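Two complexes come next, and they have one chain in common, chain A, joined by chain B in the first and chain C in the second.
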Partner chain A sequence: MREQFYFAFRNRKVVGGLSVILGLLVLGLVAPLFADYGPNEYVGPPAAPPSGEFLFGTTTFGQDVFLQFTTGLRSTFLVGVLGGGIAALIGMTIGFVAGYRGGLLDEVLNMLTNVVLVLPALAVLIILHAYLGIKSIPAQALFIGAFSWPWVARAVRAQTLSLRSREFVDLARLSGMGTMRIIRREIAPNMSSYLLLTFILLFGGAVLFAATLDFIGLGPTESVSLGLMMNNAVHWSALHLGLWWWFVPPGLGITAIVGALYVTNVGLDEVFNPRLREM
Partner chain B sequence: MVMLALEGVTKVYQVGAFGRRKLTAVSEVSFDVGEGEVIALIGESGSGKSTIGRMVLRLASPSGGRILFGGKDITGIREHDYRREVQGVFQDPFSSFNPIFRADRVLHMIREGFFPRLNNAQWMSKVEAALESVSLDPAQVLGRYPHQLSGGQMQRMLIARALLLDIRLLVADELISMLDASTRIDVLNLLADLKQRGLGILFITHDLSLGHYLSDRTVILRRGEVVETGPTTEVFAAPSHAYTRLMLESVPRLHQKWESK
Partner chain C sequence: MHRYFGRKTLIYLLTFIVAVTLNWLIPRFMPGDPVLRMLTRTSVSNPEAIAPMREYYERVFGLDVPLWQQYVNYWVQLLKGNMGVSVWLFPTPVTEVITRAVPYTLALLIPAILLSWIAGNKVGALAARRKWLDNTVLPVGYVLTATPYMWLGILLAWSLGIVGGIFPVAGGYSFELRPEWSLAFVGNLFSHWFLPFLSLFLVAFGGWAIGMRNLIIYELEADYANYLETLGAPRSLIRRYAFRNALLPQLTGLALQLGVLVAGALVTEIVFAYPGLGYLILSAIQNQDFFLLQGTFLFVVIGVLLANFVIDVIYVIVDPRVRVGMQGAS
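Moving on, here comes the complex of A and B:
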């Protein structure tokens, strides 16, 4: 464990990726605290370019783009953690149980996984959002999580299948450990690095899904998010009016978060797998 | 006195999609193990000997027949109580230890399940006694990782693990097949020592000489069926089944070079 921290802090990809993510997280958590007005309030001159007073300029209506951006970062992280967490929880539970128990239960869970796997997640989410009118970010995260777990279940199941037949699992059974304890204490620790990487990928995936849904106008409309900012920018012809400061920050923000997550992922892969380490 | 008895035990595996094909791993096997007796279960790869071991350990359930322990069907005994008296050691020490944890974890797993009421000092003295009884130096092996121990040390530690419980039967599945020749005899002598103390051993092996060294009685398996059974000295001196004779002839001798027949 200590060795892995050592290599993690010497890996430039991990350090670089994590600093971008943490930097944006801190920005999102701290910056809105200093504003004495809300992100959707009309506070400045309309369509003003970036200045000392409004760092990222204002929208056509005079809303503070910097405040919208930093508030939007919060919802992006929230949807990533919740959506990724829910997908990880469902996928890992199904994968572990199916792989360890085997038999009929495995066949049923596998069938369920395959059904959800072939569903076009984005299309389903668009339909669900359009019909149900998702109002809050946690609800959006729940739906995203509910449709992005199948590949996790398949991968975890495959790894569990190979670990299950190892003799230390038999030994744990002989020592009187129950199924759940064996999964938690014997099998999962053997793939902890993989599970962490899985969560990072799910986090990035959930952020992208949420941004897509917000951008096409199906996200929670009451809150502020990076995708919704871009949706508004398109809606009010920011591109044609030359208001680049309205849509570039949210676009770059999403790209930076997801890109940094993937770079961290590759870096952590090198940390956990010595064969991939650059000398 | 009979401790463990197998009566017509059969194990059929369902293979292929939706279990359409059947594979009979063990077919109508019957034999028994007396109190403090060593039975050698000898067979080639795929003869079903390990499956029998797993069924005796209740890691797999028979599809037919009964296994009796102390006269009672083992499916009627609480698993926890059964495991206090019957334990196993497996072939591959390197896969018996979870590679990411310290090796003595296999000992401490027993504590949670079976001795939750002992305090730390009592438990440690019990662990040390068990390690010493398999001639391991506690100071040398406690706190080490599996890759820091030798194969022989690992197998001894696994035997010590079984001895933490007051077991009456040890299932030793290819216990020494993966050890080198010099450590092999030490572990074998350890088993002989345990036998002296009244422990019954089901010694599963493919190696005739190892089976002969230790056992009171021998059961020869072939393709899931018992082909010959009897006191070890008789089976080895005057094998009655053609397969046993073939096996005995195919053992390489120490002072004999290969020559075509």
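Moving on, here comes the complex of A and C:
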């Protein structure tokens, strides 16, 4: 563990990626605290370019783009952590159980995984959102998580299959440990690094899903998000009016977060996997 | 051969059934009275129209029979090709609205997927183990693959369309033209097609390039590559073998990415108001046209399943191991 921290802090990809993520997280958490008005309030001159007073300028209605951006960062992180977490939980549970138990249960779970895998997730999410009218970010994250787990289940199942027949698992079984306990204590720790990497990728995926849904106008109605900012910018013809400060920051924020997550992922892979390290 | 395709077909058939069932189920789980919600939106001007419309909707949804029969009826109508009537473009049938939009989406998707896959693989293979090229391809690839499709579309529309004035930024063709097979019209069609295509292409390209680069590095470390090297085989030959081996996982990746690519095409069309399925989805949502929305959803699912099947067939053709395994040899 200490050795891995040592290599993690010397890995430029991990350090760079994590600093971008943490920097944006802190910005999202702190910056909105200093504003004494809401992100949707009309506070400034309409369509003003970036200035000292309004760092990212204002929208056609005079809303503060910087405040919307930083508030949107909060939603982005929330939906990423929750959506990625839920997907990881479902995928790992199904993968572990299917791989460890085997037999008919494995067949059924495998079929379920394959079906959800080929089902185009965004199309399902659009239908669900359109009918049910999502109001909060956790609800959105729940739906995103519920449809983005299959590849995790597949990979975890394959790894569990290979671990299942190892001696230490046999020993645990002989000593009378229960299935759940064996999975938790013996199998999961042996692939913990892989599970962490999986969560990071799911995090990024959930962020992109949420941004897409928000952009179509199906996102949570009660909050500000980066995707919704882009939706508004396009809807109120920011492109034709040349208000680039309205639509560049939200997309840049998403790209930075997701890109940093991917780079961190590659860096951590090098940390956990010594064979990749010397490159 | 039969076992492999039998299993795949079973999965796709199951998926289709799940999709249809979801499509049938979701409106029935919608909070409140869906018929009333539709009525309050559509007819306000004429109070006398409410009663017949209510009756019409109840009959269309088939809400007056038991639940299992509603489900059976839904399938029967679907298999007859009847997906209801569009509210937005009343009284055009949903199937007709969709078939008019499908060519635009396919014209965007198929070239974008094929070209980005081919170009991404070539560039990724070139970049592997070549320091200076790798140092540019890798960061660019990561940025591109992390970019939301709609944002790249917005940036391209703004920079090349509005500021640069090189390409039009909305629609499938100019409004003053009529669809015909003339040079002017085809050129116009192409200029409207180019930017949405480019943004789809670029995002997908980044992912393929990174994937190929990583796979090639992995392959070049494999035993057969080392063996060839000790035999004194030229580098280009080893790389060619590595490339062919790395293509197989990339093909699997293509099958896994299909849903994401289709989703990307849908939002890109929304940015450019391109008259394909994505634009239909947006219009359906804005006009609360649920029949159209559900019809489009089923079309997208069927398209993705067909594409998956095509990739399965290609996989059998390119991978000799799968073929040999099927003929019973071990």
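Here is the rule we use: the second predicted complex is superposed on the first by the 277 of 279 C-alpha atoms of A that agree within 3 Å, B and C clash if a C-alpha of one lies under 4 Å from a C-alpha of the other, contacts with A are read in each partner's own complex, and residues count from 1 in each chain.
By definition in this document, a contact is a pair of C-beta atoms (placed from the backbone, for glycine too) under 8 Å apart; a residue touches a chain by one contact, two chains touch by 3 or more.
The structure presented is a predicted model; accordingly, all values stated were derived computationally and were not measured.
After overlaying the two complexes on the shared chain, residue contacts for A:G251 are found with chain C alone; chain B is out of touch. When the two structures are aligned on the shared chain, A:V108 is found in touch with neither chain B nor chain C. Judged by the touch definition given at the top, the superposed model places A:P189 against chain B, while chain C stays out of reach. Contacts of A:L22 after superposition: neither chain B nor chain C is touched. Contact with chain B, but none with chain C, is seen for A:L171 once the two complexes are overlaid on the shared chain. In the superposed pair of complexes, A:G259 makes contact with chain C only, with no contact to chain B.
Residues of chain A that touch chain C in their complex: 111, 114-115, 117-124, 126-128, 130-133, 151, 204, 208, 211-212, 215-218, 227, 230, 233-234, 239-240, 242, 244, 247-248, 250-252, 254-256, 258-259, 261-263. Against chain A, the residues of chain C that register as touching in their complex are 11-12, 14-15, 18-19, 22-23, 26-27, 29-31, 142-143, 145-152, 154-155, 157-158, 161-163, 169, 256, 258-260, 262-263, 266-267, 270-271, 281-282, 285-286, 290, 293-294, 297, 300-301, 304-305, 308. Chain B contributes residues 18, 54, 57, 59, 79-80, 83, 87-88, 90-92, 95-101, 106, 109-110, 112-114, 158, 161 to its touches with chain A in the complex. Taken together, the chain A residues at the contact with chain B in this complex read 107, 166-168, 170-177, 186, 189-190.
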